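Here come two complexes built around chain A, the first alongside chain B, the second alongside chain C.
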Partner chain A sequence: MKLASLEYLEEVKKRSNADPQYLELAKGNNESYTLVLEPEPAQGVHERIVIGFNNVDGKMNEVWIGERPTLFTLSAPYGVWVDILRGKMGATKAITMRKLKTQGPFLQLLQGANRIIRWVEILTTIPTEFEGNYAQYNLPGK
Partner chain B sequence: MKAVVVRGIQQFEVADVPMPEPAAGEVLIRVGYCGICGSDMEAYHTGMYAPGLIVGHEFAGVIAQVGPDVADWRPGDRVVVNDAVPCGECRPCRDGRLDACESLYMIGVTHDGAMAEYCVAPVRGLHRLPDGVGLRRGALVEPLSVALHGVHRSRLKPGDRALVMGAGPIGLLTLQCALVAGARMVAVTEVDPTRAALAQKLGAAVVLDPTRDNVVVNLSALTDGQGPDVIYVCTGAPQPYRDAISLVRKGGQIFVLGLCVEPVEADFMSVAMGDLCIEGSLAGRAQFAAAIDFVAQGRVDVESLITHEIALDDAVEKGFKLLDTPNSGAVKVLVRIGGELTADR
Partner chain C sequence: MGAIMGSDVLVKCLIQENVRFVFGIPGGQLCPILDAIRRFGSDAGLQFIMTRHEQAAAHMADAYARVTGEPGVCIGTVGPGAADLVPGVYAAWADSIPMVVLTAQNQTWKSYPERGSMQSLDQIGLFQPITKWSARVAHWKRIPELVHAAFRAAVSGRPRPVHLDLHVDVMVGTGDEESLDISPPSRYRADRGPVAQPELIEQAARMLVEAERPLIHPGGGALRSGAWDEVRELAEYLSAPVTTSQGACGVIPEDHPLCLIPGGFGALGAQAMADVVLLVGGRLGDVDFWGQPPYWGEPDAQKLIQIDIEPQVVGLNRPVDLALIGDAKATLRLLIEAVKRLTKPIPERPDMADYRATQEAWLAQFAADAASDRTPIHPLRLVRDVRAFFPRDAITIVDGGNTNVWAHYLNRVYAPRSFLWAADSGQLGTGLPYAIGAKLAAPDRPVYAICGDGAFGLNMQELETAARLKLPFVVIVANDCQWGMIKGAQLAAYDARYIGVDFDDVRYDLVARAMGCYGERVEEPSQITPALERAVKSGKPAVLDVVVDKWANLTPPDLENLDAVWMEGCELPW
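Then we have the complex of A and B:
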């Protein structure tokens, strides 16, 4: 399924909420997030993609496409997100190195590093289609 | 004479005080209008002005009397006063950084101010008001000079994109100055609907309400994903200071014009990683004459900022207390004291 599509987000929610390790790490988390995938026309990615979700006591509650005010907003060029999902760049490293531009209480975000790492591991199990030239890195899923 | 006097935290009162006398190098000014500034509000909340002080530094009036040794000025001259007069002798002054003077003489801050029927001012701070600029608009020259100085000092270049955080009087004037300076797009963040509408009217490309809009997403769309080149923080609230660091583009500048009394925790690693510049300025001494010209030429609309004109007797109840009320619709509250005084009064 296409990265950041509603179908993809619903799958993320389903798999995250079914993962005991993730749920243990996310327990008590009530944060909301916006993720921005910036276009890269040179790579064939022409549209900005904006998605969001919130957690209620650690479970992904609602997922959406589009803009809402959220506690955190993480933005980066499309290729950075692809690199994270391919395992070429760690998510927390991307955050600390500001490859992912972060708006929101930074320390609070870093305190959830283990949860984020597990969450990305879950994402990599989803069959994922990337846009433009990044299609060569599509994930087969597990 | 009547004046607004500091008595303590949230304790300002209109009181009878002795008439001041101009000393050598000073003039006595009959005040026409005096505005309530954001810094006066900070003082109202925090007590940062000394008890007994007469407040007020945004004003215009007519010279009533000149002190000994004063040449070039005479009774009847219509004036605005640069409220921040440097000593000219300390290290910053000698380095040419007059606004950073260590002994800044500030009318209405370190010395008695102009929310009164009369005030004294050093002639070094006087500027003539040109014909065609009334005392009402003249009272907004001082805040305009602050905004103009900020934009002048910032790295904004023609064609740049800017964000103004906070659409109070300084934010609204900064918005206009940035546009005059050649910004191709200026966005504004503001939660108060009256101020947001005014920002839109005065040329903001977009006005974002952080409680309703995702500012990152919207700015990203307006700046090709880069973020603004310069962000002017013009508010006393702490959150925008934190947010600015992650909103500005890499290599961009955050310019602080607001006064946030409480310390702000901020992500300084992003400052280093983003090669950011953070600067600030307080007063507008160097741009005071330019600010007068901008008002006279109509290049900056100061009139639209005046939402309330009140009498001196009502300065506390209908001025300070009004501005202390969230979403009151107040932007610039002007205290009318002598009004548009004619030269022969």
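Then we have the complex of A and C:
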């Protein structure tokens, strides 16, 4: 599945909502997120990709492609997202290094840190195709 | 009065400064000074503390200064003695600790430039990068003036080490004592620092009173200035959270309702959400994430008021909205009065409960490991049991890489000048010498040090010093037979291609016993507390050699974050 495609997002939702550890950590969560994957033409990634999702009572509810108002926006160059998904860099480290930029109430984001870490672990289990030169890091899935 | 030797003049000046300890190792060119201490210095309360390495001597002087607020004094002989002081002086320099470094120098007629003498060394040049002031004492008559200048420089403005290079021919030279001015400190240095301008203090008070989410962030300067009462009073009056820098733990008790543990999610969240930050004696360095988003607010949305005695650090890492140049304690006192003129005490702010809840959730992630009964012992279990054993007023020392990170999570600090860590240098090997210096400075207070085994190994020869001085304290060595922080980095970033990070199992408890201390190896979690009891009961310096889980120790939760800060901009090509 192509990273950030609707098919991919539906798979994210399916796996997240079936993961007991994630559900425990996400209990009661009603946040919404926009994720921005910035283009990197030099790496063969030409389009800016914007996706989003919301949680309702701890479950991923709706996923979408495009811009909508959300509580949080996380944006980074495409390659940073690839690095996070292939385990080269943790999401927290990416935030600390200001490679992954955040908008929204930061305290609330910190409160969900363990949930987000688990969520990224779930993403790494999905067979994933990356664009451009990042295709060399495609994830086989588990 | 009559003829007096240069060394005697020096020692009389040290006595006037109420110096209690001079830490060092003897040397031929130092003998005139040591002899003066022996002849009359010791009767006046000045002791020479002989160490087993000059680095440790400097660390002991550093610890003495951290605990008392008075400058520590260390000494080394010409050449290797001076050179060996450097690592210890560096740690004090990095943390702005007042220290007077004395070095013996060869005779004036064969120095600067040297002409082939054994042990010759340009010691002025050697110490220049790690002292704020350095001078040669090249004439007998200038000894009082230069000693006065040294102490004045060490404690004035931003405190830091200073250096005096003492030519041996000047030390053995004589002159007429009546011609000298060996004055008390009140005659040559101010006993209080400057305060910021009143109109700026009024402006700062208005900014804080009008803020919706003010936050106070004291750095090491607040400790050096003795400003803890003022920090606490202002925080309580404004109901403002306090997030200290990592090295300033103890400015406010870490169980105070307004204190948020540095680096914890409650603190990071509060720092990001504050609309006005009062930075007191700090620089917002790398472990404060440079004062930059996301762990602090955007500069256009978050105002920064900075109090510092050193103009050079204003706006160093983050744009400042209002700079108050002055002593932290004196300036805060006036700021409190200005705030009180503008408002009644402000009741607790709604965000505080949220910050505390976030902190509690952050701490909760450590609970299982801290209670773990498994062997080898989890580092968090060790830290938890050690902290629970010692009373609130104990002086706590940390020394290590990952051991230090683990200690940070649960080793709470409750009083100022009670937490010793070479914060800005990250210098290893400080733990045992800091314990010796701290115990000499505060003999009635319990002292313990939590050390990594690698760090402990760097200065463990000082066990003999501690035993000789009969200083009871406890060193807890977290023994994992590796340089854990570096091995953790090699695991995470270099695909576990380990190099230079493993060593053999050393029985540090047996080393301790061989040097006249109490020693015990601990391998079971249930034995940590009983071993601490036996260690204290021994009445000796004690070493608990605690075998910890080497794999658990490799990856404390924040190692990746620290790596992000320290290796920023260094992308590995794989």
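The rule we apply is simple: the second predicted complex is superposed on the first by the 142 of 142 C-alpha atoms of A that agree within 3 Å, B and C clash if a C-alpha of one lies under 4 Å from a C-alpha of the other, contacts with A are read in each partner's own complex, and residues count from 1 in each chain.
We take it that a residue touches a chain if its C-beta (ideal position, glycine included) is under 8 Å from a C-beta of that chain, and two chains touch if they have at least 3 such contacts.
Since this is a predicted model, take the numbers as computed values, not measurements.
> Quick check on the superposition: with chain A as the shared anchor, is it clash or fit for chain B versus chain C?
Aligned through their shared chain, the two binders clash on chain A.
> Mind working out whether A:Pro69 is in touch with chain B, chain C, both or neither, as first, second, both or neither?
The answer is first: A:Pro69 touches chain B but not chain C.
> With the two complexes superposed on chain A, say which partner A:Lys14 touches: chain B (first), chain C (second), both, or neither.
Neither partner.
> Regarding the shared-chain residue A:Val50, is it in contact with chain B (first), chain C (second), both, or neither?
In the superposition, A:Val50 contacts chain B only.
> Could you say whether A:Pro77 touches chain B, chain C, both of them, or neither, answering first, second, both or neither?
first
> Identify the partner contact of A:Pro39: answer first if only chain B is touched, second if only chain C is, both if each is, neither if none is.
Touch partner of A:Pro39: chain B, not chain C.
> Go through the superposed model and pick first if A:Thr102 touches only chain B, second if only chain C, both, or neither.
It touches chain B and chain C both.
> Using the touch definition from the top, say if A:Lys93 reaches chain B (first), chain C (second), both or neither.
In the superposition, A:Lys93 contacts chain C only.
> Superposing the two structures on chain A, identify the stretch of chain C from 272-280, 362-370, 380-388 or 452-460 that clashes with chain B.
Given the superposition on chain A, chain C and chain B clash at 272-280.
> Which chain A residues contact chain B in one complex and chain C in the other?
In chain A, positions 96-98, 101-102, 106 sit in both the chain B and chain C interfaces.
> Would you tell me which residues of chain B are touching chain A in their complex?
210-218, 220-221, 225, 227, 243, 246-247, 267, 269-270, 273-274
> Okay, in this complex, where on chain A does chain C touch?
Counting only chain A, the residues touching chain C are 90, 92-93, 95-98, 101-102, 105-107, 110-111, 113-114.
> Could you pull out which chain A residues touch chain B in their complex?
Against chain B, the touching part of chain A is residues 34, 36, 38-39, 48, 50, 67-70, 73, 75, 77, 96-98, 101-103, 106.
> Where on chain C does chain A make contact in their complex?
Going through chain C, the ones touching chain A are 265, 268-270, 272-273, 289, 292-295, 351, 354-355, 358, 361-362, 365, 560-561, 563-565, 568.
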